[in-house]
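Order as written gives the chain letters A, B and C; numbering starts at 1 within each chain.
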Amino acid sequence: MVSKLSRPQLASLLALFAGMVVLAVLPAYIDPYSLRIVTGVLMWAGLACAWNIVGGYAGYISFGHSAFFGIGAYVTGILMQRDLGIPFLATLPLGILVAVGVAAAIGGPTMRLRGAYFAIATWAFAEMLMQMAIVLDITGGTAGLSLPAYLNEFFFYYTMLIVALGVYLGTWYLLERTRFGYRLKALRDHEPAAEAMGIHTTRVKVQAFALSAGITSLFGSIYAYWVTFIDPRSVMGPEITDQMVVMVLLGGLGTVWGPALGATVLWLINRYIWSELGDTAIYLPILGLIIALIVLFLPNGLISLLPGGRRGHGLLGRLLRKL
Amino acid sequence: MDVLLQALLNGILIGGILICLTVGFQLTFGVLHVIDFAVGGWVMLGGYAAYWASRLLGVDPFISVFFVFVLFAGVGCALGPLIYHVRTSRYARPDLMALAFTFGIFIMMRGGALWLWSFDSRSVDSVLSGASLSIGPVTVPLLRLSAFGMALLLGLGLFVLLYRTRFGMAVRAVAQNRDHAGLMGVDVKRVSAYVYGIYTGITASAGVLLATIYSVNPEVGVRYTLFAFFVAVLAGLGSVGGVLVAGLVLGLVESLVGTYVGTRYSLLVVFATLYLVLLISPKGILQRGI
Amino acid sequence: MYAGADSQTVRHSPLVLEGLVKHFGGVTAVAGVDLEVESCEVVGVIGPNGSGKSTLFNLISGMLPMDEGRVWLVGKEVTGRSAWRIARAGLARTFQIPSLFDNISVRDNLLAAAVEGDWKGAPRRAGEVLEMLEISHVADNLASELSGGQQKLLEFGRVCMRDPSVILLDEATAGVHPNIRRIMLEAIRRVREAGATFLVIEHDMEMVREICDRIIVMDAGQVVAKGSFDEIADNVEVQRAYLGRQR
């Protein structure tokens, strides 16, 4: 198939390749502050992608993903305390394991709930976990938890880059190319009909939820090590989920590349407001306004503005599909 | 024993206000089929409105509550058609889009309050603050008693409106079946907008009452959204009658946990109970129609 | 698995129903239905609205839990199994209201129907099904963009993709254009020749006459008559069910 690339396909492949090269050499050319911003974009793109697996592909709007971000952050944070001293990389799989375990355990009963009930349940679950982080001793309560500092921006940039790229390629392959993706989309669009096709919908939903939770937790772990200090609000607060939801809606719900687009735009807005106005509170009403406006005027997200985006795979997605 | 009595009394008094907070929410769900995430936002804004009325104009919250009702009912009537539009749109999942929309409004309210008024908690004083009645072993703060009475008055007003007027008949018809009510000549869009307005008015008024008892800051909205969900889920979404029991249950749970376990655990317990209730009985424990 | 007395009741017909009962509150929607459908047979289910036909389908396919009764599918008892297990055991069905996967393409709808079956061969089969149902030209459209008749065809196409032993069709041709009806009839004939067994709910008596070998008539949750089309047409019970109760 590769031998018969059409011209736009070739162009987009080249653009993609060029983009990767730019991302790979970028740290050498920009200042540390900008590098942190780009690292943030990569992290949020990955998080949005994780949320999109459940929200966009399975059709279950989760308002509780901050719980899994917090699980990753706390697993890494607690295990890296001086008395345990487990190396950072070893904490990552453990964080994923805990998050996947929790997601699988609560996924079964929670995903029996449809629509708004599911949203409320996940929200209550996340708030419950945050309250637990506040009252428990092991998490340091509201005082928070300090991690051993590792001040190497390049390390975090490349870690985020590799993980985010892996997440995108992995989910693109899984959701657009394998049976798993078809199972998910089928149950999203018509759950009884999906069952009538022999799809074990409960299992598929829980798998998607656990996958999404694992990815979210992975980013939570890296984030904790990156910022070196965590407290219940900063890693389990509702703002984490808020941003994931807005980024996906902004980019395009249920599309492969929409979340990345939404995350880039929103995180740049976030950082711009933060640096120009020095006042983060104004960011929240803007965030809310963006959600409301998108729902009213652009329900298919920014990606629907791109040529070829109407089918919900976006230009890049469509072209990648043809390879 | 006295402690228990006091805790029970406090629970009932707060429960009354929680009922008032949730009836409108339930009505909105019944008529518009929208879960309004912003419910706590209306409570918070109502509290701030009372605060500024008292601070700038010196109006007692038990008087400003009526103006707050009218003001927020107006805002709600203006916002209602937008929500109706999203809910009845041809989007792939209008229910989830409506949820996301109110979620956005909620973030806007909370963020706006943070931006304008910062994190500080503000208390709203009334002439009744501090006064109390002693009945045997228990003390009844006059403020809480009056707030409870005011909440009951508002709730009662809503019931009269729903079950004794022509408008109420139209509302109930829409709640039963939107399409059929439309065929009978009910202007569904307008009824929906009015219902949303009544809901925002009542909820903001409940916010005034809660602000006089506790205080108000931008973060209280999250807490009251949770409370409304809790009561609504316990009662069964859309059920107005079940709210009477469910609101009292929440008031008592919160008061008892606060008294015997510690206030820092009360939110944890409430969230955990809500989650469990959802898992055990997703359709609500006291399910009954509007 | 079915030891003792039960071993004698193992059924080898593709579909066997024994004493199915379903109550909704105080209303009995299905009141003891027995039926045995032979291999490659097409059995029509007719009866007035509310006679329990669709509920019967929901019981067989596991979409509703039954209160009493047993179901065998190709010799295996599937009583009380969940819908996806029954589907994997060889049952496929359509719905009265087309139940497509609206936000994916027509071709992807067909592929999604094959996820629990022969996945490798699915793209080729999807091409054949599109061809057979004459909807190749809209293969890349979203399912929600199809006309009502095309949606019915696509729903039947999803059934074909699964290569089932038993197919339940709920008003497959209600209200469609004659042209689409012709395509559907031809497709049903071909699937049947390939060895499938059908149970169909149908209101259109012309359709019933054309495709059904045998007919059962339902009224108030019970089978009130069975037989060939001509036998049924003369039956007093049937006329009573359709024309209202006479004293």
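Following the convention adopted for this analysis, a contact is a pair of C-beta atoms (placed from the backbone, for glycine too) under 8 Å apart; a residue touches a chain by one contact, two chains touch by 3 or more.
Note that this is a predicted model, so its numbers are computed, not measured.
In this assembly, C is the chain whose CA centroid lies farthest from the centroid of chain B. Chain centroids computed from C-alpha atoms place A closest to the centre of all protein C-alpha atoms shown. If you average the CA atoms of chain A and of chain B, the two centres end up 33 Å from each other.
With centres set at the average Cα position, the gap from chain A to chain C is 42 Å.
Spacing of chain B relative to chain C, judged by their CA centroids, is 48 angstrom. Taken residue by residue, chain B touches two or more other chains at 92, whereas all remaining positions touch fewer. Chain C has residues 102-103 in contact with two or more other chains. Of all residues in chain C, only 61-63, 82-84, 87-88, 92-93, 95, 99-105, 108, 111-113, 115-117, 119, 142, 158, 162 touch chain A in the complex they form.
Across the interface of their complex, chain B is touched by residues 59, 61, 63, 109-110, 112-113, 115-117, 119-121, 123-125, 127-128, 131-132, 134-135, 238, 242, 245-246, 249, 279, 281-292, 295-296, 299 of chain A. Every residue of chain B that touches chain A in the complex is listed here, in rising order: 35, 82, 85-86, 89, 91-93, 95-101, 103-112, 114-115, 118, 222, 226, 229, 233, 237, 264-265, 267-268, 271-272, 274-275, 278-279, 282.
Within the complex, the chain A residues that touch chain C are 179, 182-183, 185-186, 188-190, 192-201, 254, 311-312.
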